[in-house]
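Naming follows writing order (A, B, C, D and E), and every chain is counted from residue 1.
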Amino acid sequence: MNKDIILQTRGLTKEFLGFKAVSDVNLEVERGSIHALIGPNGAGKTTVFNLLTKVHAASSGQIQFKGQDITRESQVQVARRGMIRSFQISATFAHLTALENVRVGLQRKRTDSFNFWSSQKRLDALNGRAMELLEAVDLAQFADIVTVEMPYGRKRALEIATTLALDPELMLLDEPTQGMGHEDVGRVVELIQKISANRTILMVEHNLSVVETLCDRITVLQRGAVLAEGDYATVSNDPRVLEAYVGVDA
Amino acid sequence: QVSDGVVKIGVLTDLSGTYSDLAGKGAVLATKMAIDDFVAAEKPGFKVELVSADHQNKGDIAANKAREWFERDKVDVASELVTTSVALAVQKIAKDKNKIVLMSGPGSTAITNESCNDVSVHWTYDTYALANGTAKAVTQAGGKKWFFLTADYAFGHALEKDASDVVKANGGEVMGAVRHPFPGNDFSSYLLKAQSSGAQVIGLANAGGDTINSIKQAAEFGITPKQSLAGLLVFITDVHSLGLKNTQNMYLTEGFYWDLNNETRAWSKRFFDQHKRMPTMVQAGQYSSTMHYLKAVKATGTDDTAKVMTQMKKTPINDFFAKNGKIRDDGRMVHDMYLLQVKKPAESKTPWDYYHVKATIPAAEAFQPLSASRCALIKK
Amino acid sequence: MSSAFNPNGEMLRVTGLHAFYGESHILHGIDLHVNRGELVTLLGRNGSGRSTTLKAMLGLVGRRSGSVMFNGTEINQTAPHRIARLGLGYCPEERGIFAGLSTEENLLLPPVVASGGMTLEEIYELFPNLKERRNSPGTRLSGGEQQMLAMARILRTGAKVLLLDEITEGLAPVIVKKLGEVIRLLKSRGYTIVLVEQNFRFAAPLADRHYVLEHGHVVMTVPKEELAARTGELHQLLGV
Amino acid sequence: MEIFGIPSQAFFGQLLLGLINGSFYAVLSLGLAIIFGLLNIINFAHGAQYMLGAFGAWLGLNYLGINYWLALVLSPLLVGALAVVIERSMLKRLYQLDHLYGLLLTFGLALMAEGLFKNFFGVSGESYEAPELLQGGMQLGFMYLPIYRGWVVVAALTVCLVAWYVIERTSLGATLRAATQRPDLVQALGINVPVLVTATYAAGAALAAFAGVLAAPIMQVNPVMGSNLIIVVFAVVVIGGMGSILGSIVTGLGLGVIEGLTKVFYPEASAVVIFLIMVLVLLVKPAGLFGKQA
Amino acid sequence: MTTPTHSHSSRQTVLLFAGLILVGLIAPFLVYPTLLMKLLCFALFACAFNLMLGFSGLLSFGHAAFFGGSAYITGYLCRDLGATPEIGLLAGTLFGGLLGAVFGLVAIRRAGIYFAMITLGLAQIVYFLALQMGFTGGEDGMQGIPRGQLFGLIDLSDNLAMYYFVLAVFLLGFALIHRTIHSPFGQILKAIRDNEARATSLGYDVARFKLIAFVLSAALTGLAGSTKSLVFQLASLGDVHWHTSGQVVLMTLLGGLGTLLGPVVGAMTIIGLENQLADKVGSWVTVIMGGMFVVCVLAFRRGIVGEIKAMLQGKGR
């Protein structure tokens, strides 16, 4: 096979004090795809994300990103390689404006982040790009609003915009539609479709219709282990998945 | 000519901290008594005003206040200044501003040595006098082997050194010393060390709460009846708070005791009526220094620093506090000191009846001789 | 606990219940009721608000509005421990076994609120695993055992109305079967039960009525008589 | 025989003294640990509560003729009652907020208590006699042990053991431990957590007051007696691991001994040795010796 | 493209500084200059502290070590080695920064209460050293530090000259803090305070940012301490005591955490009150301070400036 694999894990395992939250997961994410990770609560989805982004160190197993072994790297290093995540619980910078939030992302690639002596006016150069990104997620009118004051759904969108600012090759989205109303879900789905153009997305999602619309490939986790894998049709007809995840016999 | 027709006396003291009992409000009261007595008796042609402030034992607060007083509030003299750091700081400022300082509360000999100047008078006592008085008397009475319990800072070290010198000069021997952090609350470890050193006398080269707790715990560990304590800096308020049971038989030196003679009793009674506590030597000294200063102003008819200082230095001090006291060129007011021993509980007849007066140490012997002075004003 | 008034009537009635977590508005006006001795289920997809409904009834969400009547008493302003003491037992979704406590301590933790609860012996008879492991720390139990423990500890209290959240989650079929038996037993003893389930196959034969939730609304109510007729509809809603 | 260059007799004496001081640290840090464990509040007022306990005994004796033994019970009760008022009226509002606010509030309360007592009683302190029964001492061979000090160790260790037993071995303790973990859920199971929280704060404060009464005959009863001690006790709790009951007891005793030995070998450093140990321990074990990693 | 917020805030900045300078220039003719100098020193101290707590979310309970430590260094250089005041201040600032780096390296990876306790522990060690080392004068403090001649030209023993010098130092420090907060660095710092995990996940080395902020804060605190030692010609143990660390927390909290002007207002309030109260209420000062803590925490969590801001915004909307 000559699939272009951007992210690969081999035997990825995480134990918390004797409890295996993730066990022996082999995951392959193809470049350019939208890949979903689903499974019952507590199946280990967020933990996999935490392992990939180095919030936790893996108990065993390897992670390869773009062909490099990143198993022993730090959070910061991994982020700098171009794997950026969003969080399950909304993670914005609450006391910055939407524009500033996005600029925090844009600033990363600049060299002047340690400049405490120069004015932030330098950062105004980033405003153009930041506005573009805000427009891309339909937040232009929120540019000067402090984030705490924004509605929940908009914050999720903002988080995506901030992540996008880094132009990541691989984006990890943890339940991007969680806690959103119908309209918001629709907007986020569209958004993810739009941004997936030339990058890879790995997402955790409970909303199966979202998964169905968006995802090329789905990995189902159960009790830390991979239960099934394939496209939506395959997975959603897999009796084990129906049993374990959907909870109804076919 | 007295400027503005007002003489303003500032009492800068500890109104809230560790030394507020031995100086504090009582010192302010003593100053007020002195002013009232002076005005009543001498009918001066100028007004006398009193201001007071709390320095919280912090040098910077004191320095700030003193500056403010001298620069802005036209205060002529800063007085009391318990706590050495405070005294040293204010002494410097007073010299800069050419104002007078009368120090009744602080104890360090640095005031009249390294830091001496021609605007300062150190009135009531200093550590040399205390250590000298007590250590000499105790050593001569047969307490030859000493061990020191020393607060680990400059003041404690000085006290220990002064006392050791005296012990050795009188044929005694220093078996050792232990330096404890300041402030401490448990001294039993050190006391045990002192106990096993085989010394007869444990010299307490510390102050305030540390001394109090050392004394108390020495009694608790059964050290005191066998070995005796010598408090190198103990005030009557400390004895009062510890009670006679814990302090009995202890030797100490003071510059004043209320129950010395009719004169001291009379004044102290007046003080007691208002303050509900007998005066400490600091408070008595405060009255004495204020009165002496005011008399000098009246005599010279001016509040000019140099003139008043000259007048104060050339006039002997004779009041209930001092007999033939004299201010030396280094600023030391020398007067008789008293070697006292704490009574046993049974011997105490009335409240505040705490001491046996064992000896009067004549002024000439009580203080560091000028020949040993490190003061730049003293030409040798 | 039996109130003279309304012997077979309503134990629980929820009207216009709204709930919020911080800024997200989760429940948008839930209405449901449960009669004495009935078992109803709350069905729905992940995140549809079923657990939140239970928590809101118990006063465990950040902010809520609407009415919750328990046995004729309005409890929407009542402190959670008072609600529990009225006779409401709660088995949370994440089980809530306390790490610092042994199995037996976990079991003995909730105070007895009414007579007629099971004794320790009865419970151990029902769940022999727990007896065997009663001195080991609660969180060392397997997932299934923890689930049993979470159930068992409310059976001791004498609470006759139980709110059970996904008690079959992550359990082996055999334990699921066992739990099914337990529920049936409880029902026969007159317990009133609200069951939140993903496992429709488990819930279907037990329930007197099903409520289907979506995005914090009740979108369908199916009494057991209509179940057979409406299975297709139900499956569609549940996204199978 | 000599140990580290000092006669073994003196050495044992010093060890024992260390243990005595350690038992004060243990009782005080135990109270702090209990409060932190359940309320998530760093109780800066602990030192003031200790001081209040001691003053309670002294005032009781001098104004009401209440003897030591009664004071040992009454004073903690009184301080506990005061703590109830504080918890109900102020602390209660801070649980949702950062630790910082609880710390600052209790710091302010401590300042107020200290200031008030300074105003009324000055600072040189008051003397409190040990009760008849406990006066005098015993010759142990290696040292003369005042009976009162022996009693302090016994009383403190007993209280620590009882507290440990209650928390680790009884159903009340089980409830407490559960409530530290998940207060909301415990409440949903029918336990009145707010009252439990209040009672816990009161109990922690009462422990401090108990230590205060114990200390009264040894140290001068003095408005600042608590603030001198509290910083050290904090260090003890941090070294032991915030919130760990056993950790605070063991660390309290252990550090008392270490500090005692420092007083022998390098007395000047005895005030700072605990902080050195704290920095070292936290570098190696960030959650303290007995603390669980967050 | 400039968004409205920015032009607005830069106009505000100009106004702010113009106001500060104006008030600073005329103040000594209305208020006693030495008190003003003390105010300025503590205001700078509180601002520097606020850089840590208010803008990085880390509560240091050991800032007195930098304040007092630098005061000793400056005092030693100026008094015993005859250094000029500008050299003394520079050295004090450097020393503060260095000490900050040491503290930071040990503590920066810890958060919350552990961070507070480690900084407190380290500061206690510094206190111990200050007490023990001979050159500090121990309990007596370091007395008689000469103010000297600034650049060999201006005699600082003149109070007004000294005042304007202190004002300049303060404005410089304040401007640097203002700039830091509104710099690319400050932006990241704020982001870290809001959501550390998120900042890390975006690829920022959070510990490094915090360390730099800590060193900056320590250096400026050092500058404040050094200046104070020249003003009062005194460095004492009180400067390194943990009470001083506590006091600066109160100033910051009272004025308004995380607001630029808050610490200045807080310092003025506390120092001013202390100055006024010391004579009038004597020993009640402690009680009043304690009461202020309690009231602040319960009722004015945003502090004076924070509350005013909130009020203005409330009206504006």
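Rule of thumb we're sticking to: a residue touches a chain if its C-beta (ideal position, glycine included) is under 8 Å from a C-beta of that chain, and two chains touch if they have at least 3 such contacts.
Heads up on the chains, UniProt names are A, C = ABC transporter ATP-binding protein; D, E = Branched-chain amino acid ABC transporter permease.
Just so we're clear, the structure is a prediction, and the values are computed from it rather than from any experiment.
Any chain bridging chain C and chain D, meaning touching each of them, is missing here; the list is empty. Chain C and chain E have CA centres that are 56 Å apart.
For this pair, chain A with chain C, the centres built from the Cα atoms lie 33 Å apart.
We define each chain's centre as the mean of its Cα atoms; on that basis chain B and chain E are separated by 38 Å. Between the Cα centres of chain A and chain D there is a gap of 48 Å. Touching two or more other chains at once is no residue of chain A.
For chain E, residues that reach two or more other chains under the stated contact definition are 132, 283, 285-286.
Shared contact sites, meaning residues of chain D that touch two or more other chains, fall at 115, 118, 268, 271-272. Chain pairs that touch one another, listed by label: A-C, A-E, B-D, B-E, C-D, D-E. Across the interface of their complex, chain E is touched by residues 15-16, 20, 25, 51-54, 56, 58-61, 63-65, 67-68, 71-72, 84-85, 88-89, 92-93, 96, 108, 110, 115, 152-155, 182 of chain B.
In the complex of the two chains, the chain E residues touching chain B come out as 32, 34-35, 38, 131-132, 137-141, 143-144, 157, 159, 228, 232-234, 236-239, 274-275, 278-279, 282-283, 285-286. Listed in rising order, the residues of chain E touching chain D in the complex are 59, 106, 109-110, 112-114, 116-118, 120-122, 124-125, 127-128, 132, 242, 246, 249-250, 253, 283-294, 296-298, 301.
Residues of chain A that touch chain C in their complex: 18, 40-42, 151-152, 178-182, 206-209, 223, 242, 246-250. Against chain E, in their complex, chain A makes its touches with residues 53, 55, 75-76, 79-80, 84-85, 87, 91-97, 99-101, 103-105, 107-108, 110, 112-124, 127-128, 131, 143-144, 162-163, 166.
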